[in-house]
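Order of writing sets the labels: A, B, C and D. Residues in every chain begin at 1.
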Amino acid sequence: MSTPEKSFWDKAQTLDRRVLYAVLIVLTATSLFFKTEIPVNPDDSSKDLYVSLMTIDPSKTVLIESDWTNSTRGESAGHFEALMRILMFRKVKFVVYSIADAQAPQVARDALMRIQEERKGQGLKEYEPWVDYLDIGYFPNAEGHLQAVGNNIRTAWGGRKERDDTGKERGIFESPVLSNVRVVGDAGLVVVVSASATIDIAVERLYGKVPLAFMVTGVMGPNALPYYQAGQIVGIGVGLKGVYDVEYMMKYGVNYRPDGATKAKVLYKEDSVVVAPVTEGTTMDRGARYFLPLHVALTLMILAIIFGNVAMFASRRKKKEAK
Amino acid sequence: MQYLDTGKYHVLFTLLLVFFILFNIRRAKGKKDMFVRRIPGLNAIDDAIGRATEMGRPVLMVPGIGELNAISVQALNIFAQVTKTAAQFGTPIRLCCANAAVFAVAQETIRDVYQAQGQIERYDVDSVRFISERQFAFAAGVSGMIHREQCAATFFLGEFFAESLIFAETANAVGAIQIAGSTQTVQTPFFIAACDYVLIGDEFYAASAFLTREPVLVGSLIGQDWAKFVVVFMIFCGFITNSMERHQVTDMKRVDNDATADVEAFSEMVPVEPWANGKPVLKRRADTWLFRQFNPFITKEQVTVDRPLEPEPEPTTATGGGS
Amino acid sequence: MKFLTQLAQLPPEYNPFWAKEPGNDALLWIFLTIGVGIVGMLLLTRVPTRARRPIVWTFTFLSGAFYVIYYLWPMPIDRDAREIPQGFVEQGGFFMKDALPRVADIANVLTFLLLCLGIFSLTKIHSARVVKKQKDWFFSVVLLVAMVVMVIVGYWDYILKEFNDPNALLTKAENWGTVNYAYDLLFDGLIQQMDAAMFSMIAFFILSAAFRAFRIRSVEATVMMASAILLMISLMGAVDYQWSELIKGWTGDDPAHMLNNLNLSQISGWVKNYLQIPSIRALEFGVGLGALAMGLRIWLGLERGGVSV
Amino acid sequence: MNEQFYWVKLTIGVIATIGLYSVLYRETKFYRFFEHLFLGLAAGFILVALWKETLKPLWWDKMTGSVTIDDVTKVSTIDQPGFWIYGFLLPIGLMGYLVFSKKHNWMSRIPIGIILGFWSGQQVQIWWNRWGAQIYGSMQPVWPTTTDSFTRPYTEGMAPADQAYIAAQLYPSQAISNLIFVITILAALSYFFFSFELKGKFLKGTNTLGRWLLMLGFGAIFGSTVMARFVLEIDRMSYIFVEWVDQTSKMFPGGG
C-alpha cells in the first residue's frame, strides 16, 4: 500500500491528542490569573438562594451541613467560601457539622480559616469560635443522625463538647450560638453544601421542620433541582455557575439600583424585593477566577470540533481534486 | 398492606412481566435457531481477538466497577464467550476487577472456560486480577496496564462511571479495537465518542442470547420484548385517553394529603371552585382515571388502624456491666 | 406455632429471642453461633458432588425469596413499634418489616468479608514479582510498602482517635501528634489528591474524544454533535447573557413577548425535557427489564454456563 | 495546621498530580511509580476502612450491642442489644476464601449465591417503584384545552385566580412538545426490540428515527457533563499554579 504525501489537512484531521492536551493546560492555567467579571443572568434558583441568605433574621442561627471533601473542591469550596462571606457580613451565627465523610470537617475548617485570615488582612472583624460559630465535626450514620436531629436536636447533639472562650470545655448548647435552639426549627436555615446524596436524606428527614437551602456540585444538580421545583427547598446553587451567580449577586445585589443607575443588574421575580450587595470583604473570588477558564475550555472544545470538521472536508475535497 | 396501600395494579403488572419472561423461557425450551436481531458490536468480537492474536498482544476485559450483581455477572457471561475464542487461538487475556466478590466469580468462570476448552495448561491464574476497590486507583492501574501491555483489543462491559472515558481514550491511544457497553446511561455517550463498537442499553443483556443462542436466554429475550410491547401499548393508549379526559368538565377534584405526625398520607375529593372568568373547569392531571390507577386513592379510614399495644417495656438495665 | 407467634410479636430490638444483653450473654451466643457455623462448613465439605448445585441454589433462592415475598405480602401501614399484630397475615407482615433492615445488612457484610480476597490476590501477584525479580519488581515493592505503611498508620491513627480521645480533641489539627499528621499526609495529601488528579484527567479525554468523534460523517454523528454543542454553548454564561441581550433588543425588553422562548437556557431546557428525557427513558426501560429478567433467571437457577450459581 | 506541614502536603500533592498527569504524554517510570504508590495506598486504606467504617459499625457493633455507663450513678443502660445471629455471617463469608482451593472451591459460591439472590429478589421488588411513575409520566396529553394563545401567556403581575386558570390549561405549543415527547419515547423503544425482524418502511423508519433520537439524547448528556469535568481540571491547575506557588513564596520569601 503506497501512502501518498499527507496534506496539511490530513495531518490536522488526525492531530496528535497531546497537542490538544497541552493547549488546554496552557489556556486554562494562564486564564486562571485573570479574574474577570463576566456579565451573566443568574439562575432563578441561585437568586432564591442569595435572597434567602441575605434576608435571614440575624438573631437566628444557621446550621451548615458541610458534606464535601477535596475531590470536589473546584465547585464546593467556592460555594462554602461564598456562604461564609455572606454569613460573616450579615453577622449571623452558625454551626458547621458533617454527616457524609469523616474528612469533611477538616476540609471545611481549612476553608473557614482561609476566610478568617483574609478578613484579618482586610481589617474586618474575625468570627470567634464558641461565641460566633461552632464547629462540631462529623457524625456517622447519616440517615439515623439527621432523623435524630429532626426529632430532637438537643439529644442528638447533646454529647458534644467544645472549648468556650475561656478555654473551658462545655456542652455546645451552652454556647451563645446554640443557646436559643431548642428544636431544629429554631434555626433560621439549614444550608447543605454537598457533593453527595446527603441532600436526599436532608429533604427526607428535615423538610417541613426547618427551611432548607442547598449548594451542590454540577453532577448533583439534576438530583437536587426537583426539590427546588417542588418547593421543598428555598434556593439552590448548582455547580460553578451557581458559585459565580452568588458571587455576582454579592457584588451587584438583587433588584438593587445604586445611586444614579436606572436599572438593576440582577432582576428578581418579585419587584418589591430589593437585596443590597455585600459591601465588605471579597465578593468575587473562586467563582470569578474559574469562570473565565471554563469559558476558555468550552470555547477550545467547540473550536476543536469545528477545526476537525473543516479539516475533514478540506482533505476530502483535496482527494477528490487529485482524482 | 403493600398491595392495598399502593394499589393492586403494580403487583399485577410486575407479575405479568414475570409471567411473560418465564412463559417464554418455557416455550423456548428445546427450540433452536430462533431469531435475534443483529447486534453490531458482537460480530466484531472474533475480528478483535483475531487481530490481537496476529499482533501477539493481550485482550483486556473489564466488568465495570460495580458490586457483584446481575450486571457484572452478565459482563462475565459475555467475557466467558470472549475467553472461549481467545483460548482456542491461545491469545493471552487480562481481566481486571474492582470488586473482590466479582473477582472471585471471574476467577472461577475463566478457569472453567479453559477447562471446558481442554486448554487448562494455557490458563494463567494471574490473568484475572483484582486491581483496586477505589474508583480512581482502579482507573490508574488499568490505564497503566493498557499502556504497558499494549492491549490490542479491549472489552469494557458492565457498570462504568466517570472512569469510562479514561479507559476508552487510553485504549484508543494505544490503537486497541474497543467494544464497550455500560448500563449507566450517562456514560454511554462517552463510550460512543471514544470506542469502535458500543452496546447501547439492553443490547448488553441481549448479548449473551445473541452469542450463545441458548433457548433459555433467547426465550427470556422474547419475554422482555413482550413486556416492552405492553409498555408501548400502555403509553400509546395512555396518551390518547389522557388527552381526551383533560377535556372533561368536573366539579370535584382530588387532593393528596401528605403524611403528618399522626396520620399516614391519604387522599380525598373536594369540590372545585369555578374559575373567575366563568370558563368550565376541566379535569386536571390528578383527576384522570389513569392517574388514579398509578396513584391509588387511599381514604383516611383505610390508613387508620387500631391495634392493641404491647405494655411499655421496662427500662432495660444491664446487670453485669455496671460494677 | 406459639414460638413463631412470639418471634413475630415484637421488633427485634425488644424481642428477647433475637436481642441479647451486651457483654457476656451476647458473646456466649455469638461464639456458639460461629461454632455452629464452622461445624456446618465442615459438614458441607462432605457433601457429594451432585448435591452441591442444589445447595448453592437453595441459598440463592431463599435470599431472593425474602424480597419477593416481602413485595407480595400485605404490609402494615402506620404502625407503632409496640403494636400487637392481629392474625397470621399481620404477624408475617410485621415480622418481615422488622427483618428488612437486618436482611439488608447481610449482603453488605458478606461483600465486605470477601474484600480481603482481592487484597490477598494483589499481594500474591506483587510479592511473586518481587521474589522472582521479574520486570518492574521495584514498583511492586513500592506498592507493598505503601500498603503496609498505610495499614499501620491508618490503624494507629484510628486507635488514637477511637479509644484515647473521649472528648474528640483529635478532630482538630492543632491537637494532632505525628501519627495523625502522617495519616493526614497519606490520605489527604496523597490519596485524595491522586483521586482528584485522575478524576480531572477526564477533561483532557473529553476534549480529544470530542475532537475525534464529532465529525459530520453520518446523520447519527451529526445529531449527537449538534445537541452536544448546543448544550455546551448554553452552559457558557457569557454567551447566554449576550444572546439574551440580543433578544431583549428584538422584544423591546417585554417579558411577555413570545421571542423570549428563544433564550439559550429555554432552548437547551426544551431539548433536555422533550428529547433527551424520553429517549433515555426508553433506553432505561429496556435496561430495567433486562435486569429483571436476569434477576429471575439467577433466582430460579435458570442461568447456565460458568457463572451460574 | 502548621505552615511547614501544609507546604509539604501541598508539594507532595503537586508532585503526585504531575506524576499521574505524565501519562497524558506517555507511560513512563515516573507514572509507574505513582500508579503503584496509589494502588498500594488505596489497598492499605481499604483495609483500614474495612474495619473502621464497615465491619465494625455494620456487623460487630450490632452483633455485640452497646451499653452506656453513667459517670455518676454507675448504672448501665442498654443502648442497643446484641444480635447474636449475625455471627453466622463470619463462617459464610469465610467460605468465599475457598475459591483458591482445588477441592472445595464450590463452597465459595454460597456467599456469592446469597449476594446474588438478594440482588435478584430486589429486582422484582423495585421494578414498579422505579418505572411505574415514569410510564405514567410518559402518557402526555397532546390535545390543547384552549386556543386562546399559541404559547402559555406571561403571568407575572396577574391576579392569582387568572394565574391559576392559565396554569391549569394546556396550550398548543405545549401540546406539540408533548407529542414530540411521546413520539420520541415510542420511536426509541422500538429500537430495542430484539426478537423479530423489522420489516416494511414504517417499522424500519421508526427504528432509524429511534436511533437518531437516542444519539440526540446522548449528545445532550455529553454536553451537559462537560462543565463539571472542566471545573475539576481548572481546580487542579489552580491547586498547582495558584495555591502551591502562593504557599511556596510564603515559605521562601525572596526566593523567586
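To be clear about the criterion, a residue touches a chain if its C-beta (ideal position, glycine included) is under 8 Å from a C-beta of that chain, and two chains touch if they have at least 3 such contacts.
Since the model is a prediction, treat every value here as computed from it, not as a measurement.
Closest to the protein's overall CA centre, chain by chain, comes D. Per-pair counts of C-beta contacts peak for the chains C-D. We define each chain's centre as the mean of its Cα atoms; on that basis chain C and chain D are separated by 8 Å. Centroids of chain B and chain D (each the mean of its C-alpha atoms) stand 14 Å apart. In this assembly, the C-alpha centroid of chain A lies 20 Å from the C-alpha centroid of chain D. The geometric centre of chain A is 26 Å away from that of chain C, both derived from CA atoms.
Among all residues of chain D, those that touch two or more other chains are 1, 20, 24, 32, 34-35, 38-39, 41-43, 45-46, 67, 78, 81, 96, 99, 109, 111-112, 115-116, 119-120, 123-124, 127, 135, 138, 156, 178, 182, 185-186, 189, 192, 214-215, 218-219, 221-222, 225-227, 230, 232-233, 235, 239.
Listed for chain A are residues 17, 21, 24, 73, 241, 294, 297-298, 301, each touching two or more other chains. Shared interface positions of chain B, i.e. residues touching 2 or more other chains, are given as 11, 14, 17-18, 67-68, 70, 73, 101, 104-105, 108, 131-134, 136-137, 140, 169-170, 185, 189-190, 192-193, 200-202, 206, 221, 224, 228, 231, 318, 321. The touching residues of chain A, when paired with chain D in their complex, are 18, 21, 24-25, 28-29, 32-33, 73-75, 102, 110, 140-141, 217-219, 239-241, 269, 289-290, 293-294, 297-298, 301. Taken together, the chain D residues at the contact with chain C in this complex read 1, 5, 8-10, 12-13, 16-17, 20-21, 24, 32-48, 50, 52, 54-55, 58-59, 62-67, 78, 80-97, 99, 104, 106-107, 109-125, 127, 130-131, 134-135, 138, 150-151, 153-154, 156, 177-178, 180-182, 184-186, 188-189, 191-192, 210-227, 229-230, 232-233, 235-236, 239.
By the touch criterion given at the top, residues 1, 24-25, 53, 57, 156, 225-228, 230-235, 237-242 of chain D touch chain A in their complex. Per the touch definition, chain C reaches chain B in the complex via residues 9-10, 14, 21-25, 71-80, 82-86, 93, 110-111, 114-119, 121-122, 125, 128, 191, 194-195, 198-199, 201-202, 205-206, 208-210, 212-214, 224, 228, 280, 283-287, 289-298, 300, 302-307.
For chain A in complex with chain C, the touching residues are 15, 17, 20-21, 24, 38-41, 43, 69-71, 73, 103, 105-106, 109, 137-138, 160-161, 169, 241, 244, 291, 294-295, 297-302, 304-305, 307-309, 312-313.
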